[in-house]
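Have a look at the structure below, then the notes.
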Amino acid sequence: MDEKNTNRLEAFSDGVFAVAITLLVLNIKFSGLDSRGNLLDDQHLWNNLHDQWPLLVAYVTSFATIGIMWINHHRLFNHIKRTDTGLQLFNLLLLLLIVFIPFPTALLAQQYAVHPDQHLAAAIYSGTNTIMAICFNLLWRYASYHNRLLGKDTDPRSVQAINRQYLFGPLLYLISFGLAWINVPSSLILNLILALFFAVPGRPPRQLT
Amino acid sequence: MDEKNTNRLEAFSDGVFAVAITLLVLNIKFSGLDSRGNLLDDQHLWNNLHDQWPLLVAYVTSFATIGIMWINHHRLFNHIKRTDTGLQLFNLLLLLLIVFIPFPTALLAQQYAVHPDQHLAAAIYSGTNTIMAICFNLLWRYASYHNRLLGKDTDPRSVQAINRQYLFGPLLYLISFGLAWINVPSSLILNLILALFFAVPGRPPRQLT
Amino acid sequence: MDEKNTNRLEAFSDGVFAVAITLLVLNIKFSGLDSRGNLLDDQHLWNNLHDQWPLLVAYVTSFATIGIMWINHHRLFNHIKRTDTGLQLFNLLLLLLIVFIPFPTALLAQQYAVHPDQHLAAAIYSGTNTIMAICFNLLWRYASYHNRLLGKDTDPRSVQAINRQYLFGPLLYLISFGLAWINVPSSLILNLILALFFAVPGRPPRQLT
Amino acid sequence: MDEKNTNRLEAFSDGVFAVAITLLVLNIKFSGLDSRGNLLDDQHLWNNLHDQWPLLVAYVTSFATIGIMWINHHRLFNHIKRTDTGLQLFNLLLLLLIVFIPFPTALLAQQYAVHPDQHLAAAIYSGTNTIMAICFNLLWRYASYHNRLLGKDTDPRSVQAINRQYLFGPLLYLISFGLAWINVPSSLILNLILALFFAVPGRPPRQLT
């Protein structure tokens, strides 16, 4: 087996996260021109920008989502110290989903701003998050199984804290997927709570290093 | 608390800065074709390129702005040696604004070239810069509060020099925001002076390392 | 000769891989709008997404292809420890092909979904893969010739395992290129087998590090 | 003065080079569809691809140009070991040009394929290369002046070899700029020779490290 340190895997992943989070901005299309190519005056420019708030909401939401995924990835690789082909493949699967996430987010922002009674966009959004939570679990379970790829000095309590936190992720996202077909706002609120839940470490103030 | 070194945070931020600064070039649309898809001869090509100078000005200005933000980020992380979840979130907030900055810049270049009497684009530009200056302050105050995340060998005079320099940033940008509603050129000149002010270190020639 | 360590060459290559794999997402154009700019309801949105499955297949296939190329690049640079101008040029040639690979893949996905009887797209796809396999060989043979740029502690059996695995790559891809003109599905299956073959290390479980 | 090591400057520059070289691929627009959105059969697909060779030539040329610039940047930073604000600003200026280079290249490829008698595109191309050569000189002269930012163990003969090689760059590119107004092919050939000249190290086989 090729087991190596994780430097290049982290550098490559950071690159993918950085590009994915920056490409989000391409969805914002500010233009100071009207449809005939003439420049707008302040009044019309203001109206024009005002109409674009769903795109701005999608930008901020996607940015926060990918940012929180990066914080999680970072946290896992504090403990994962070696890599093999299996880990590389699970990591690629996770990155595939992270690069994809802006699409359901933009679709949701676009739809929900105008058709709050439609369920499909919210379901696709929650469904993508569910699959993402499963992929994070696969990566972590693969690496932490019998401490296979973890550092020798890993604190077992940190590993357990992550195990516990990650156990409920897919289940709760699956509930938000179900809710999307019944009541869209409550599904979105659950998604928001879950994002914040994954932004903070598993068992907060443990010890100072 | 997960406190770790800042290597991955810097690598991820460098990636975001690098992508954001390079994507600027996508706004330039040189084309050697006329609107019917025929190739232009030298005379018409020259006229065509000549009409695009606002885009070139926006490219150079945005590039310089993001570049100077990178120099500032670099300077802060000479002193910040550890990271925790709070710092990662403040850093993400800052990156969100840095990735966004090309939009107000392009809008301003487009508008100001033709409608120098309109105020909104200049106000949005100064306003974005004000929020950015506040975010830089939040990041720095969070990290330097009681030397929380600074290196042990940090020179307190360097920290104070940054503190002093950063104190005036948001105030002065707020003034440029006010000026944008009164007199656009003086607002732009103040923005330019502030950019140069933040490009140089807080208390210039201190000591050689 | 400028012989140096490979850190920057790996960082630059990781950056190119990361950008190339992330740009794939730009080919997906989800839109919740119909051709007149009105928002679609759930039923029409579903149909619209459903029609885009060739784009999704192309996204996943290209992502997997570039990901496996990254795993291979990573594996070679476990052994290559120094760099010179020749290696940099061979590496650039390889990156040129890797950045290009999404095009034949998208073309194939688009064509094969509708015209399974047409051969050209499959031939271009196999042909690009053949050239890529040759470039991987050039890079590796250049570096490993008389152990020129390999680490001093490289296991000769690992080098031989890579040599053996890489020997058959171009030949087998050339066969898939020939098959593309005769029978497209069998050519695609051979390409798939080859991708999986290159995803796993040369001589699987050798020893644990 | 903030003098620090060059790690982050190199990482940021590598990121910019990597994004710039990968974005080149966005100029290639393979499409298996005709202008009405129908899929092309093999015969028409072949014709369609065949018409796009100027785009492919521009892709390969720009990729080689940016790649060779990266090799040069890499070579200089083998010797440059510390950074200050001045170096960061000269480096940003250089990156501004490197990110810009695909435009004159694409313009030239587009024009020269159809209007070989027009001079402007070739002049813009040579002019951009001249400015780039000047920026490389500024960066290097700033860093190497009295060995200001070079490593302590830098071989003075390597520094002199780079000095000599860089002295002629701007002059020769200026000649190619002049030639563009007289005879386009000879200007292009001179540009090609210069690119190859800068791809190889200053004084080739010196010693093995």
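Every chain is named by a letter (A, B, C and D) in the order it is written, and numbering of its residues begins at 1.
Here, contacts are C-beta pairs under 8 Å (C-beta built on N, C-alpha and C of every residue); 3 or more make two chains touch, one makes a residue touch a chain.
Every value quoted in this text rests on a predicted model; they were computed, and no experiment measured them.
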item: Interface composition of copies chain B and chain D: same or different, split at half; value: different
item: Maximum centroid distance from chain C, chain identifier (CA atoms); value: B
item: Computed distance of Cα centres, chain D from chain A, in Å; value: 36
item: Distance between chain centroids, defined by C-alpha means - chain A, chain C (Å); value: 26
item: Multi-chain contact sites of chain A, meaning residues that touch two or more partners; value: 11, 14-15, 18-19, 23, 26
item: Contact footprint of chain B on chain D as seen in their complex; value: 1-4, 8-9, 11-12, 14-16, 18-20, 23, 26, 82, 85, 88-89, 92, 95-96, 99-100, 102-103, 106-107, 110-111, 114-115, 118-121, 124
item: List of chain B residues in touch with chain D within their complex; value: 10-11, 14-15, 17-19, 21-26, 28, 30, 32-33, 39, 41-42, 45-46, 49, 59-60, 63-64, 67, 70-71, 74-75, 77-78, 199-201, 204-209
